[in-house]
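Report on the following structure.
Letters are used for the chains, namely A, B and C, taken in the order the chains are written, and counting of residues starts over at 1 for each.
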Amino acid sequence: MDWKVLLEQAPSGGMTYLGWLWSGLFWTLAVSVCAWVIAFTVGSVVGVLRTTPLRIPRALATAYVELFRNIPLLVQMFLWYFVMPEVVPREWGDWLKQDMPNLLVLPFAAQFSLWEFTAAVLCLGLYTASRVAEQVRSGIQSLPRGQTGAGLAMGFTLPQVYRHVTLPMAYRIIIPPMTSEFLTIFKNSSTALTIGVLELTAQSRQISEYTFKTFEAFTAATLIYIAITMTVILLMRSLEKRVAVPGYIAQGSGH
Amino acid sequence: MTDFDWGVIWKYREALWDGMLTSLKLFAIALAGGIFFGTLLAMARLSHWKAVSAPAAGFVNLIRAIPFIMAIFWFYFLTPMIVSKFTGQQGEAVGPFTSAVVAFIMVESAYYSEIVRAGIQSIPRGQPSAAYALGMNYWQSMGHVVLPQAFRNMLPVMLTQAVILFQDTSLVYVVALKDFLGAASKAGQLTGRIVELYLFVAVVFLVICLAASWGVKRLQASLAVTR
Amino acid sequence: MSTPESPRPMIDLRHVSKWYGTFQVLKDCTTKVEKGEVVVVCGPSGSGKSTLIKAVNGLEPFQEGEIVVNGISVGDPKTNLPKLRACIGMVFQNFELFPHMSITDNLTIGQVKVLGRTREQALEKGLKLLDRVGLLSQKDKYPGQLSGGQQQRVAIARALSMDPIAMLFDEPTSALDPEMINEVLDVMVQLAREGMTMMVVTHEMGFARKVAHRVVFMDHGQIVEDCTKDEFFGTARSERAQAFLSKILHH
């Protein structure tokens, strides 16, 4: 096995193959974190809407979840990248494909543009939002019914009940499954390679194609993914400890 | 919206159907293999012997830590190597479909092993004890008493995982296997009608998966009644 | 109810000790059950009596001492435990019928899969025993459809279907509602009167008074009393046994 190949100069980017791996890691992190921001905010709203007594918002939220959960992520990626620009008004579609790439020069000499990045983030974010919505919904629904009643009896409006009573507890309960969703988003970010985003998996394949040292390239990427997983798990555990409510044993197991 | 040619879907219906058959074949084999090996992995993880439980746990945790696509690349690369070591043949002993199947079985078995493990652990300990008290050995106790009950309990989760697996078959795109999505993609490149074809693919998946999920929910409801 | 003489005990425990980690749950336990004897094991919660009886058929391993059942050493690594367990019947506190099988299947599965009998032989035996415990009409039902007392009687029939040389009972009536306890005890009394070798962990002192030959009292993992029934109910020697007796005889 020849690990030193990673320190050789790569054909492009003015860096070593190891540098390619780091750039892949950078883009994996960038896509995942930006997508997570969308997933968390949109998912929370949709999840809350799924539990309201109001019929139309609840139906819309359910439709959202069913739509995004029943189409494969890869197909959704293609829909955003290939189909979306064609079905929106012509000027917008053209702007996305032609002008957006020129807005910003992306670091690490990426062979893709802001448009690919945006499409990947939107796709991954809205897809994961549907999963986050389900977690938020089940967290809310696992709380004892009496909590909402107690809040309303005190004179809270329904939004206030959510804000002060329901959601603070619900979010603590769902930290373990949310951790799992956060990890999944890192793994799903690899789907972006199909529209040209050179994230970590893509880079490992590229290195193997240029150096023929497939085993070394894949192992390096695998080790980095494992490191990401372990870091996220540790961070989430410390988060769980910091926000834990004294005397309240969390429902469900730790992972 | 008016200059879409939906007829292209009809024109390429044979290629699309062949792609769907490939997807379904991959799905069926991966499902069967995944459940079978997943069950063995789950039993291994619950074993008292460290030499058995540690590698099983290591395998499952490793597969679950990396992206599915990365796992596909790994097994796509390893399978021909390992097969040619065994059969002594060099080169193309193993085709892309076989490599993809191996990759999917490996990944699904890791995910199914977690489900089956939870199922086995949900059975009260008195059940295998009663089986042993009757004189059954480990395999008889598992086969006649524990696993039947575990599968019954886990059926809804296993079916949901099957729906996810069906969606994941689209990932063979990354190794250029001609499944349903691949066929649509190829047709799209040939005709330039990628919008129509990709929308068609999305709708087909949506309909199949919605129907399947709805079926699982109905099954769950009827199971809850008979409990 | 005479105690028959036999060359060696059916169940022989010698200096048995067991630890869970650093906690010692059985301390140097020595006792025996002769062929045809009925021995009742009683004691407060946590005294180790369930662990002791589960050690007899190897469901609980032990670190020190010896247990010999019908001449076979339970702790010997070379012993074929499934074969041994097929000869000893066990009845559990929570009945542990297999919920996914009908009553009939519960009765036949051990006979067919372990003893190798044909399905016809197993059915004949199983249904005969089911009738003996008074539940033939339930043969096609599932355990979930039976009451606790009925399930336990089926469990006894299931154990008997294996033609055991001895029967172990681990608190067979503790999980039952009071009105169902007697239907199970009646079956056990009948079994004792027919000469079955029985080791019974129970709180039911009425049963002990009726059919037991000996009573073993355990506390904190040790055997504190091991005497004949008359001696036990007459003048039990230790304070702890007396205190225990006085507490439970108010039932």
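Operating definition for what follows: a residue touches a chain if its C-beta (ideal position, glycine included) is under 8 Å from a C-beta of that chain, and two chains touch if they have at least 3 such contacts.
In this text the structure is predicted, and so the values were computed from the model without any measurement.
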Chain nearest the overall Cα centroid: B
Maximum centroid distance from chain C, chain identifier (CA atoms): A
Distance from the mean Cα position of chain C to that of chain B, given in whole angstrom: 46
Centroid distance [mean C-alpha coordinates] between chain B and chain A, Å: 23
Distance between the centres, which are taken as Cα means, of chain C and chain A, whole angstrom: 57
Chain B contact footprint on chain C (complex, rising order): 54, 57, 59, 81-90, 92, 94, 96-100, 109-110, 113-115, 158-159, 162
Touching residues on chain B, where the partner in the complex is chain C: 124, 126-127, 129-137, 140, 144-145, 148-149, 152
Parts of chain B lying in touch with chain A, wherever the complex brings them together: 1, 62, 65-70, 73-74, 77, 163, 167-168, 170-171, 173-174, 181, 185, 188, 194-195, 198-199, 201-202, 205-206, 209-210, 213
Sites on chain A touched by chain B in the complex: 66-67, 69-76, 78-79, 82-83, 86-87, 186-191, 193-194, 201, 204-205, 208, 214-215, 218, 221-222, 225-226, 229
